[in-house]
Each structure stands twice: as C-alpha cells, then as structure tokens.
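Consider the two complexes below, in which chain A is the common component and chain B and chain C are the respective partners.
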Partner chain A sequence: MSLVVDKPKGRGLTASALLAPATIFIVISLFAPLGILFRYSLNDFVPQTKTMVEALTTVQYVKFFTDPYYVSALLTTVKVALISSISCLILGFPLAYVLARMQSRFKPLLIIAIVLPLFVGNSVRAAGWMVVFGNKGFVNASLMGLGLIHQSIEIMFTEKAVIIGIIAVDLPFMVLSLQSVIEGIDRAVEEAAFSLGAPPATMFRRVLWPLALPGILGGMILTFILAMNAYATPFLLGGPTFKMMAPVIYNEFTQKTNWPFGAAVAFILMAVTLSLTLVANLLIQRRSTR
Partner chain B sequence: MAELQIQKLVKRYGDFHAVRDVSLTVADGEFLVLLGPSGCGKTTTLRMVAGFIEPTAGQVRLGGTDITSLPPWKRNAGMVFQSYALFPHLTVAQNVAFGLEMRKAARPEIDKRVEETLALVRLEGYGGRLPRQLSGGQQQRVALARALAIHPDVLLLDEPLSNLDAKLRQEVRVEIRELQQRMGLTTVMVTHDQEEALTMADRLVVMSEGSVRQVGSQRDLYERPADRFVAGFVGRSTFLDGTVEAPGRFRTDGGLSLTCAGGQVSNGGGKASLSLRPERLEVAAAPMAGLDNCLPGTVEFVSYLGAMIDIHVRLSPADRLVVQIANREGGFTPDVGQTVHVGWRASAGQVFNK
Partner chain C sequence: MTTRRLALNAAATVTLLYLLTPLIFVTWLAFFRQEIPSFPPEGYSLHWFAAIFDEPKFVSGFTLSFQVGALATAIGLLLGVPAALCVTRFQFKMRAPLASLLLLPLIVPGVVLGTAMYVFHVNLENTLDVDVLGTFYALVAGHVVIVMPWVVRLVTTSLAGVDRTTEEAAQNLGATAWVTFWRITLPAIRPGIVAGALFGFVTSFGNLELSLFLVAPGHTTLPIVILQYLEWKIDPTIAAVSVVQILLIAIAMLITDRYVKLARIV
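Entry: the complex of A and B
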C-alpha cells in the first residue's frame, strides 16, 4: 500500500500525544524492571545469610549451565513447548478452517465458545484436571468401573498431563490466530485450485498452507511463548519432580530468596524463547519466499 | 472441446429451489450465456457444471461422459471467477502453470504452454510479476490464461467482467469473444448484464427463480420474448395493463381500445399486459396515418440521454408509455406538458397473460 496523505500541521504533535501514555507505561512497567532484573542477575549471592551482594559477575549464568538439574529444566521446557504448540496447530487448523468458512448466524457464539475456556483461570482449570486425571480421579475411576483397566493409569504428575494441560490453555489462541487469517483467503482461490485439477491434499499444500502461513506462524509463536512461560499448569499438573522454567524461577525468588540466580534464569528463559522464535520465523520466511 | 449437456438439473436447499429442472445443451464451440437477475439460479447452475455444488437431481454430461458425480479436479473444466481468484503467492507464470503441473506435464512443455497462453491474452513479459502488481484488466486476463492453459473441455465464466470499469469491460468483451471463436471453445458464461450477454453470446438462456424462461438467439429473445419477464429483462419494454377483449383487440385499464397482434387468443377476460418496445413507438405533434394505433397523450417527463431521448407520455389516467426517439438534428422533441400523438404498428407489441 502506498498512500500519500497530506499531513495537516500539528498532526504529528497530536499523534505523539496519543502515543505517549502507552509508551510511558511500557517503559515503566516492562523495560525498567527488566533493566533492574538484568543488573541483579550479574550480582553475587551469599547462601548462608541469603543476601545479594553487589558485583559484576557471570557466576549465576555459569551455575545454570553447569548444573544438569537446571539444564534439564530448560530442555524439558523447550520440548514441552514445541510438542504443545505443534499439537495446537494440528488440532487447531481444522477447527479454525471450519470456523472461518462458516456462514451460520451462530458463528459469533462458536467463537465465544472457543474463547470460553480462557474465562477460567489457569490454576482453577489445572485444579479441575487434577480431579479428572488423578489416580482415583474421574477417568481412572470410570475405566476401572467399566473393567477396562485393573490398575489406574498414571496421568497426573507426568509430562503428558502438563502437555495436555498446556494444549487446552493455548488452543484458543492458535484457533483465533488461524481463523482470522483463513477468513482473509478468498474461498474462490481454493475452488480455482480444484478446477485446475488439484485434489484437496494438493490444494492444501500448494494454496491454503502458504496463504495461511502468517496465521500459522503467528499462532505458533503465540502458543510457543505461552508454553515456554507456563507456570500454573506445570506446577499443579507436573507435580514436585517435574521441572519447567517458570516454576523454577518462582522457586528461586520466593523459596530460596536467591534474586541474582532467579534473575539469571529468567533472562535465560527469555533469551531462549526469543531466539528460537526468531530462528523459526527466519526459516519459515525463507522457505516461503523461495 | 466438447459438447456440454445439462439434463433435468435440480438443486434444492431444504424447501428452497435454487435450480428447478434445467435442461440445456451447449454445442461444441458454442458460447452460451446464462442471463438473469441475482438469485435466479444461473450461478448455481454454473457451479454444478464446475462440480462445486452437488445437484439434488439431474445429470451433467461433458463430451458424452456423465460427470455428475466427478469432483471438480477430475472434470477438466476451465473456470474464470468473478474475483479472478488468482493465487496471490504465485507469479503470473506460476498461476498459469498450476493446472499443467497438476496434469504432471514435463517442465519444458509447461514453460512452452505458459508462454503461448500468456501471448494469447497479450501478457508477454508479465510472467514474473505477482498478481497484486497487475491492474484489474491484466488480472482478469491472467485468470483467463490460467483457465485456457489446461486446454479445458469447457470454459466456465462466472461474471468475469463485473469487476472491470465500464470502458475496459467493452474491450474485454470483444477480446474474450474473439478468442473463444478462434479457439472454438465450448463456453458457458453467467451474467446479469444484458448488454454483455447480447454482445458475447451465440445463444442466450434467460433464467428467473431457478427456471429457464427462454432459450434463443439475441433476435429470438428481443423479437419474440416468451413471457412478460423476458420482455422486461431483455431489451426495454413499456407495459400497458388491461384485458384481451377479442383476438387482436386489447382494452387497457384506462379504457383505451387498441389493435394488437393477432393470434393472441382471449384468455377469458383475465389480466394481461401489452408489451411495447419504446424504440418502436413513434411520436409526433399531429396524428399519424398508416399506423394501427395512434393516440393523443400528454408529455409528463423527458430525459435526455445523448444519442436517445426518452419521452414519458400519459395516454389516460391509468396508462403511461415510454417512447424512445433518436436524437436527430432538427428532429421533433416535445416539451413537458405538450400534447403529442403516439403511434405504433400492431406488430410492435406483444400481449402476455399476467
């Protein structure tokens, strides 16, 4: 779009005045704490007195990457986030497609139904999952009652439970992100592919997928970031031995009051999330422009 | 290319009949236009031929083969959409090559055919552009090239010109028609624009409320419309309402007794309309001799259209006619309020039951 607009005098000023509150808010609420936190992550910590000592050291970062406990927490987090966001894509695409192509007057209601789970807080929902998937929970009790199993299946406090929980939280974000993009794709383009001899699978691969790519990318990034930073779900459904990054950070800050290390872990999580997102973005964009 | 046969095609959505019992044959190389107002079932019929809509009943045969239950990707029908539906992420050449790739043609063959087809629509050198870098008229030509590249058995055009501006539309009409004739393409086009339909078609099908009202050449539809709807939809008509008194005699609601074409048997005093072509009526300041009907009236409205002038004349409190006269130099142009005489031959009108 190239739109040349004559700018009346003073419009620039009005625009800055309108942008200022949000900008100031973001600076104060996001960048300032991040800056302070980053400074903390370079400080030293005395375990005996549980106090932070002013310093300029990378000891916290070294500690993270040399301790297998923390490294495995990071790897688990990345793994869970990847599996859950890919699952969201696979589960969400058909749903988003049907929703985008629907012309019923119930469509707004269905969109609300998709968003409805978000009305329940993560911790409340996770508590519900605990009831459903516990060893004596709804699923196991039903299966045993029906005589289908003799020993309760272990779902609670496993990676499975966490992944299922995260998918449930993130799916609406994926569906909405895909739906809005698919809605912008002319239905006639799909029909054109059909009439030119493309069966549905080929049409999907050659037309729908490339055109939906911005939505796929947006949904993947959103769900990946949400999963990387998930706190309540891994904490409640993963149990005491399951470690993901967000609960680890919380633990460092509150239980151990180790601010420098907590800050370092937080920065590592942010850096990993950001760089994985950027790399994926670049890879997909390069592929699609080829 | 092949002959297309549509036999007793029906499409129902619940209680709604989108298409009722439509049967048509499009000869090899013929350009058939489905003409009708929106919601008349013309697009639904076309989409059933393309395979996008499954008919409730009936058959579609292409080149003698029953294709009714074939999915669109197995039909070899080239379709041009109203929105063009070009693949926005592919270049012009890739768009045109798409159908050939689906047919697993070899690369050199595809490249050759793409080049030929782009030359056909006068878009040489545009192969590397993306659709959004083209004008509306160019996009339309790419859509046509894409449909032609697969050497379709039938070419389907769904209001292909409605997104072009008026001037361009007139050029593209001729262009498509010439291309179609040169290549001998069996073509079905859907449109609601009668001028477009009249300029392009070999034969026209007028549809309304899901049914075929009349099939015929331009002349058939204009000179011998089958009913009041066709008379009003193809060309212009001006109507006088009344009853048929006796064969060849029409009495208007305003009490005027008129001579009308014979053969029209009285329908037992039921309501009828006398349909007249405004351009077949004559108007003069004094009574005219040698016409079957000549009536005095008052000019109520005059609209100046450039080449033509429309004159609305009231013949009686219940009867008003539109007369169209050519705007000749020194010709008679009445003013509003003036008393004039309107005359016509009986053969200029046709009586339809209401």
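Entry: the complex of A and C
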C-alpha cells in the first residue's frame, strides 16, 4: 500500500541499526545474568567455610523441597498471592466500572489518585499501614476509645497485615486492567440486557462478566505475579518470623551468602509463578476460542 | 436505578479510600508533635520536615536515586525509542518475538533480577578485574533494564496511533527518512515519549528489589534508606520524607497529565 518505494536492503540495515542496541543490551544484561544464576543453582555449597563449590547437582532443589521450613514459605506465598489476587478482583471491579463509565472532567484526577500510590513505593505505603496497625496505632486507639477492646490487639507482624498491605499494593494494577476492558464494552449491550428485563445481577453474570473476562483473568494473573514476588510488604509488615519467598531469597544471598541455594530458590519462585500463570493463560485461550 | 448507582459508587469509594489509606496516615503522622505514632496526636508541628535535613542519609539517598533515575531514563530513551520505531514501522521475520523480548524485564520478578545481576556483576568483576559491583554505573545499567520496557511499551502504543500517510506524504515530497522522523514522527509521538520517560523514571526512582543487591554499603538509594529506617522504627521524620516523595511524584504526574492524558496511557 505504501507509496514510498521500498529499498529492501537499505531498510533492513536501518531496522537492524534501530533495534540492535536495545536487543543486545537486553540479551547481555538479562539473559547472561539469568544464565549465570541458573548455573550457580546447580553448584554445591560448603556451610562450614561458606563457599560455593563448582558442581553439577540438583542438591539445592532437593534441599528446598525436603525442608518443611522452605516448603511452608512457598505455600504461604502461594496462599497470600491467591487471597490477594481474588480480593483485588472483588474490591477493584466496582471502582474500575465507575472509572470506565465516567465522563466527568475529574476522571484524570481519579486516575492520578489510583496511580499515585503505585508510584510512591512499597516502603512508603508500608509505613502508612504501620501507623494504622501499630500497638498505639489508629485501629487500636479507635477500638479502645470506643471501649470495644481493653488491650491492644496484634495486627502488625501477622499474615493479615501482610495480605492487607499486598492487596493495597496490587489494587491499582487490577483496577487499570479491568477499566481498559470495561471501557471497550459497549454500554448499549448492558442497556439491552436491562430493557429485556434482566435484573442487575443477571446482567452482570450473563453480559458484563463474560465480556470482561479477558481483563479479569489478565488482572488476576498480574496481581498474582506481583504478590508472589512481593518483598517490601512482607518484610516490613510481616516481621522477622513471617516468611515469603522474596525475603527468603534475599536472606539466603546476603545474610547466609549461600548463593547456590539462593539461586535455586529464585528459580523455584520463577518456575512456580510462570507455570501457574501459564495454566491461567491456557484457561483464557480456551474461553476465548469457544 | 438510583439505589443501584449509589451502591456502586459507595463500593468504588471504599476501594479508593482503601488505596489511599496508607498515604493519608503517613501524611497525618508527618505533622504529629510527638515522636511516637500514637493516637490521638498530642498536637501538630512542622518541625519534622526540617529534621529531614539533619539526617544526611535521606539527602544523599534522594540525590543518588535522582541521578540514577535521570541517567537510566536518558539511556532507556536512547535505546527504547529507536527499538519501538523499528518494531512498529518495519516488517521482518523475528518482529513479534523481538518485540516481546524487549518487554520481558517487566515480568521477571524484581528479586530474581536483582540476584541475577548481583552474581553477574561479581562474575564481571572477577573476569575483567575492574570494580563493577556497587559502582554507580553498574547500578545505572541495572536500572536501564527496568526503565527501557516502559519506554518501548508507551512509545509503541503512541506510534500505533500515528497516521502513516503523513510520513509517506513527507517522503514523497522529497524529505529524507531522518527529516521525516524529526519533523513528522517525533512531534506526533512526543506524548508517548514523555509518558515513557515519566514511567521509566518513577520505576527507577522507586525501585527497591534491584537496588538492594546492586548498591554499595553506606551509599544507597532513597527507597533502601526508607526501608532500613522502617525496619528499625516508624516516626514522623520518616513520614515527612514520605510526604516529600508523595508530593514530588504527584506534581510530576499532574505535569505529565497536561502533556498527555494519563487516562489514555495507563
């Protein structure tokens, strides 16, 4: 269709010149490090001298799956990620719907209010939750002021605190991915369902839900991945005894300097996340081809 | 109909408040008079904002984060904008896989990326016999990896919306490829570039997982300074630091919104 006469040779050269720097950069600074990390995960480790020994062994992976401490860290991580992802969907849907159907000039401000928490960093948000959950924090002080409790309740350093924190971290991603899908659904489809006498719940179940399904699954996958890899929130709100995978990896590397095991845990986390994501992706494809 | 709308708006408001709760409370704490975060506050004061400057680590952390973010964004633009042009304007065999390769860093977990780069830097240091780990430029190189995908993604989206006939008209009138890019394409994709730069910069500025592994002890970025402080205690000083950060990012977003509607790009 192009009116410009294509000169294949020259264009090919231009294309490579444009793309090559970025591609080479990614290959060097993403694949090379991941390759080395994977190679290290097959090495052995001598705890007495804290040194890595060149080897070709799966002993690190076996260690992970035979030690209940690490298995429970993985299970906690998956559980927290699942709860967070589902909660994000339930909490995020109404806000995404209102946002998608909004016509007012305040819409950009609302978007900024949703994206701002995303950008201020997880530590800052964890600080906010610490003020709310602390021993003399807002929740405890309010409940005591109302006479509902007489002794402060422990919220900080519990799984609840971590889940509440992670949901808040992941909600913007869910809202934005739902919003973009709902915006693409013609309002007339909803009106049609209503004018045919469908109650709101039926309209939601039979019209909105199936049409928004790609966004729903996309948002759930995204929030699940983010929760699986959360570092700052479990570290700050979960305290020293609460174990999720990302803090475990950091700990193995920096505190115990056990690189082979840390590397193995990193790959286990990535493999578990990717395979669960892949399963969800297959589900989407099957739905959309039907 | 109205009750339904009311219920929907109420649910949406609850979620919005939930999202903003941590920011509201950390801001509130920054103005407390007493040091301990206990409710109700004994009074209000502004002096914690002055206290920020008594802690040199906050100032140096901010400076380092800003320098790393600015340089990583500049390099990310230099690498990412041409790459985005290539994957949208040229047809070739490996186009789709290469395009997704450029976005790959977005889905590799931060802590995995951090550990991988850490061992990579140690390896480089041993083979090349130069300082790599903990140096400023190694930290920047690490951050470029997470900045560039944002540039590629937002500029690609922006390019897809540009009408190609204008470019073709320019070339038919005798403009060279370079002049066409400079005079036609670049002005048209400026919003995408601004958005990519902003998202990239903010990603780098707020990054924790990657920096944790790549910084030298004693010379760290602001998010790490905040994390390490919070591990020890929560007080109005750290809240004041957070408020400054929230304000700066809010201003940056409001400015960006004037150039390019955030509603269209996020």
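Just so we're on the same page, the second predicted complex is superposed on the first by the 263 of 290 C-alpha atoms of A that agree within 3 Å, B and C clash if a C-alpha of one lies under 4 Å from a C-alpha of the other, contacts with A are read in each partner's own complex, and residues count from 1 in each chain.
Simple rule for what comes next: contacts are C-beta pairs under 8 Å (C-beta built on N, C-alpha and C of every residue); 3 or more make two chains touch, one makes a residue touch a chain.
Note that the structure is a prediction, hence the values are computed from the model and not measured.
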| item | value |
| --- | --- |
| Touched partner set for A:K63, first chain B, second chain C, both or neither | neither |
| First, second, both or neither for A:P172, with chain B first and chain C second | second |
| Which of chain B and chain C A:T202 touches, first, second, both or neither | first |
| First, second, both or neither for A:K160, with chain B first and chain C second | neither |
| Chain B or chain C, by number of chain A residues touched | C |
| Touched partner set for A:T23, first chain B, second chain C, both or neither | second |
| Contacts of A:V124 with chain B and chain C, given as first, second, both or neither | second |
| Set of chain A residues, in rising order, touched by both chain B and chain C | none |
| Parts of chain A lying in touch with chain B, wherever the complex brings them together | 186, 188-189, 191-199, 202, 206-207, 210-211, 288 |
| Contacting residues of chain C [partner chain A, same complex] | 4, 8-9, 11-12, 14-16, 18-26, 28-29, 36-40, 78-80, 82-83, 85-87, 90, 92, 98, 101-102, 104-105, 107-120, 123, 141-142, 144-145, 148, 152, 164, 168, 171-172, 177, 202, 206, 208-209, 212-213, 223, 226-227, 230-231, 234, 238-239, 242, 245-246, 249-250, 253-254, 257, 261-263, 266 |
| Of chain A, residues touching chain C in the complex | 2-4, 11-12, 14-15, 17-19, 21-23, 25-26, 29-30, 32-34, 36-37, 40, 91-92, 94-95, 97-99, 107-108, 110-117, 119-132, 134, 136-138, 140-142, 165, 167-168, 171-172, 175-176, 200, 225, 228-229, 231-232, 235-236, 246, 249-250, 253-254, 259, 262-263, 266-267, 269-270, 273 |
| In the complex with chain A, residue positions of chain B that touch it | 50-52, 71-79, 81-83, 85-89, 98-99, 102-103, 146-147, 150, 156 |
